[in-house]
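Here it is, the structure, as structure tokens.
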């Protein structure tokens, strides 16, 4: 059984890489940018879901780390020059690890909706600071001209750079979720009291995944800076946190790749609907509501259970 | 012989209500013992204090010669104490195997490993499967835990505790909610596990057949106090216990 | 700084605090009783403002009638939202996440519905007759409408206290907050209670929207703008704690008023400073309801 | 289960209805890809801009288009999000094959898009956003702006304050503006211009409420304590409305001269405050519905009213001007594809606009790509010609276009490499 699922996983990975690797052939920068956006947001959503779907911690403040990644690149380039793009990417990720570690001690003292709202409050605090401290951060003007030097300055090369980083990150997260550490995290969601009776510290495991998830959020933010060649305080706003939650739920929070699919669908819907009507918010709102009320398992989750139902239905027929 | 667990003068009160009142006793290694008492006697609260889920107001608890009073649960568990619950406490959305395997992995100190899949931890997996075989759950290893029958879930709960290779195992009403036949099976199983894993075992139980069938020592709690302690025969003969608790049941 | 200025500044802080509290009160009420975090609460505030505008300007209505109409409208809209949508997700695992998403979708939907009905132009309401002037005592100028709002705020506090602690429905609501299941067993119609409480909470939002309209601009997107501020109030006050919210709003209003007068360049950071310091020492807020502390 | 299936069908139908909105391609069109906010508190500016741009396009196409080309506008809600707008702009450029990027209210979005415009060498016509950076610090060859920037507004404001100082000496000044880039830019530029024009002043207070702050009472009472002769406001839209409404009962406007030269005189401020707008406030905007009193302006305002049933805010005229600028450039070059030739055509272009008074024609400064226009500052007076507003501006003071441009030394200090290179 495990061999079969291994083969399936291999097939999936192969397909995933091939499809995304072929996008530049279209020679259309819009598709390239769109695919790049899906990759980066997909990674963000998958990392976020390690927190939400796996460990059961609904953070409404991951925008803070997404923004930190973006501003790591932005501030480095703004003050030190374009050559510092990659260093900025690293700095943003490192800063996110430190901030997540410290903030973890503050926010992972409460659980459930209290945790959610506390993360939202800190996220908004970070947004306000970035928005108002315009002398340093550029505030609402954002920071532009974020083009990496050298070969990465080319859109297609940068795209492959993102593809490789995203593939590695998602691979790592996939391994993590299938590992003993991942199992403990799932156990933390399902029954934290019992985890203590396994001799494991619940809060410490929660902090660990909070840091890991936030690091990848920051990586996503940093990579986005190179996709748009500009960043803006919007990255830190609660709507960013909300969007990544929406992606996860849309795709299915109990499926590893659900959030990735959710990210792709949201990014495409956003664009398609936005291009056709100014009433996009009504449409996105209705889609969101329909998903929450009728398809809480998300697209991938519903698909998996549909397949299971077909299979068991078929089996029953054979039995008769 | 040095006792494996020693309680001396343990007191716990919620507000004005004293739920554990100067409880002292010693448990010898390898002993299988029962705690009985009417509802509200403070049995589960006592378990909670022994396992660190609650901190006693006064008194001390010594486990294997070290004072564990006030330590966190995870520290106490790491020292070799395991517990199964009155209300089944498992990981419902994981497979039966993974429920036990997570305990084995935790025992082996692998739970921080982020990269290798679960299958790579062969010894933990084998140990978990062996445990499931002992529990009679091996054929259900790949089902999700919430799909199991109630009785099997209780067994799984014990399995999770055993995965930690505890020296001392606390069982909170292992037969609660079971049919008479299931109870009989569970009773036999508990006794078998006790021998097989060289456990010291303390269980809380209302079913007197189980209590007097397998316990070497019986302790009676009433209103937070230790009313009596002794062999099953001594307890049966204790007029106070008969009056206060056992009554017409015997 | 003389004493008359301090008094004026104090009343400024009080006005801000009262409006903050009035928006937050509905939010904290529904959280305290229903355990629902209604992210769309601000949208009901906005709905109230637009409804009041319509009643006053198109129907030539009396301002106070418009305030009541706004409360009624927002309340009914809230009850519909609860009965038709929110009720379906109670008791799900990860309910918190779904609550936020569902109410977030309500924000998006209500925003566009408001745009469809009222357009994007700014709407405006004037202060009601009799409250356009100011009370002037020596150096002290106190606008009468601001004083009226402070009065309404106090009235809401007192009425809410009376309802919650002295009437049977209030006690049922508070008990429901503690234990939905047991109350259901005891024969309380829990779904109806939830719907009513939700309606009262959104009605409070709507009334506040109407009351604030003469002091602010009635614009699209107003809902999202107030929700974050109310959130800070609710978090600081201890989520679900009605009194806590009032005290937290008072604290924030007065801190802001003093900071503006003394260190204006940094004033905008003070409310966040208060929040961060509080949360470092008391992550569950200043006045957390008792059952929360052990979570 | 049945319910779910129905919901799926309904959802699919809703999606399908959205699809066929793309029109069939005509051979000779000038495609303009516009991005404006259409939701939230800036949505008003976006929708007014789109309406005015459509109006201009209908006028031009009605006369047969330009050089055989019809104009076509595609507009998308920018959601005021720069990252989303960048994505839409890339779609415009590579999939929709637009010839011009167009619009934008928020400077943040404008700055992100000028980066895209530079990379793809696609001309970007800015019609509204006010940050001076776009035509100075971040100027690039393919960017042009057809409305005033904050520097021009603040220079006009400084000149106005200078005149007032001569007539009735004032000494102290205080500032209130939103605590973000736009608010800080205005204050810095005002001080720069006051110094440049040799005005002596003493700052007695600086107040920075957050953007979209609901309450200003604490600020108002504190300002009254400061007793400034002049209060400069950098607030916009709903914030100006809230400030004015809250300040009125405190008698602030009798105690100090309220002056808001960039966005205070926007029509929506007057329509939303009604009788509560005190008389004698000194305000301006980038376009006024009742100034200049030329036929062109009257026609623009009344046509807009006919089309939409409301009077335009300032932003409409910028979009209208943008479409005419494009038409004129295409007319001159003969096609919309040659970006380099179009850039040349825009540089120095003379453009007769509704907001030009008799005897003046707006033109695009060839150096900074910034439109150069007369700025009129007025005082609030009773005027019921544009309901629901009951106050409009009057007692105009007119400031010459040349005087309010950033001076060469400012450009040398702040200009982008491209701008500096052209100054040599």
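Order as written gives the chain letters A, B, C and D; numbering starts at 1 within each chain.
In this text, a residue touches a chain if its C-beta (ideal position, glycine included) is under 8 Å from a C-beta of that chain, and two chains touch if they have at least 3 such contacts.
Note that the coordinates shown come from a computational prediction; the quantities given were computed from them, not determined experimentally.
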Going from subunit B to subunit D via touching chains takes a minimum number of steps equal to 2
Of all chains shown, smallest offset between own Cα centre and global Cα centre goes to A
Quick one: which chain's Cα centre is the longest way from subunit A's? B
Rounded to the nearest whole Å, what is the centre-to-centre distance of subunit B and subunit C, using the mean of the C-alpha atoms as each centre? 50
Averaged-CA centre spacing for the pair subunit D and subunit A, given as whole angstrom: 36
For subunit A and subunit C, what's the span in angstrom between their mean Cα positions? 33
Junction residues of subunit D, two or more chains touched: 38-39, 179, 208, 210
Contacts with two or more other chains occur in subunit A at residues 128, 132, 281, 286
By the touch definition up top, name every chain pair that qualifies. A-B, A-C, A-D, C-D
How about subunit C: which of its residues touch subunit D in the complex? 1, 5, 8-9, 12-13, 15-16, 19, 111-112, 115, 119-124, 126-127, 132-134, 141, 143-146, 212, 214-222, 224-226, 229, 256-257, 260-261, 264-265, 267-268
Subunit A partner, complex, touching residues on subunit D are 3-4, 7, 11, 14, 18-19, 21, 38-39, 76-77, 79, 81-84, 86-88, 90-91, 93-95, 106-108, 111-112, 114-116, 119-120, 131, 133, 138, 179-182, 184, 208, 210-211
Note: in the complex, subunit A contacts subunit C through residues 52, 56, 58, 60, 106-107, 109-114, 116-118, 120-122, 124-125, 128, 132, 238, 242, 245-246, 249, 253, 279, 281-282, 284-286, 288-289, 292-293, 296
Taking the touch rule as given, give the residues of subunit D at its contact with subunit C in the complex, in rising order. 38-41, 43-44, 47, 179, 205-210, 212, 214-215, 217-222, 224-225, 237-239, 241-242, 245-246, 249-251, 268, 271-276, 310, 388
Applying the document's contact rule, which stretches of subunit B touch subunit A when the two form their complex? 51, 53, 72-75, 77-78, 82-83, 85, 89-94, 98, 101-103, 105-107, 110-119, 121, 142, 160-161, 164
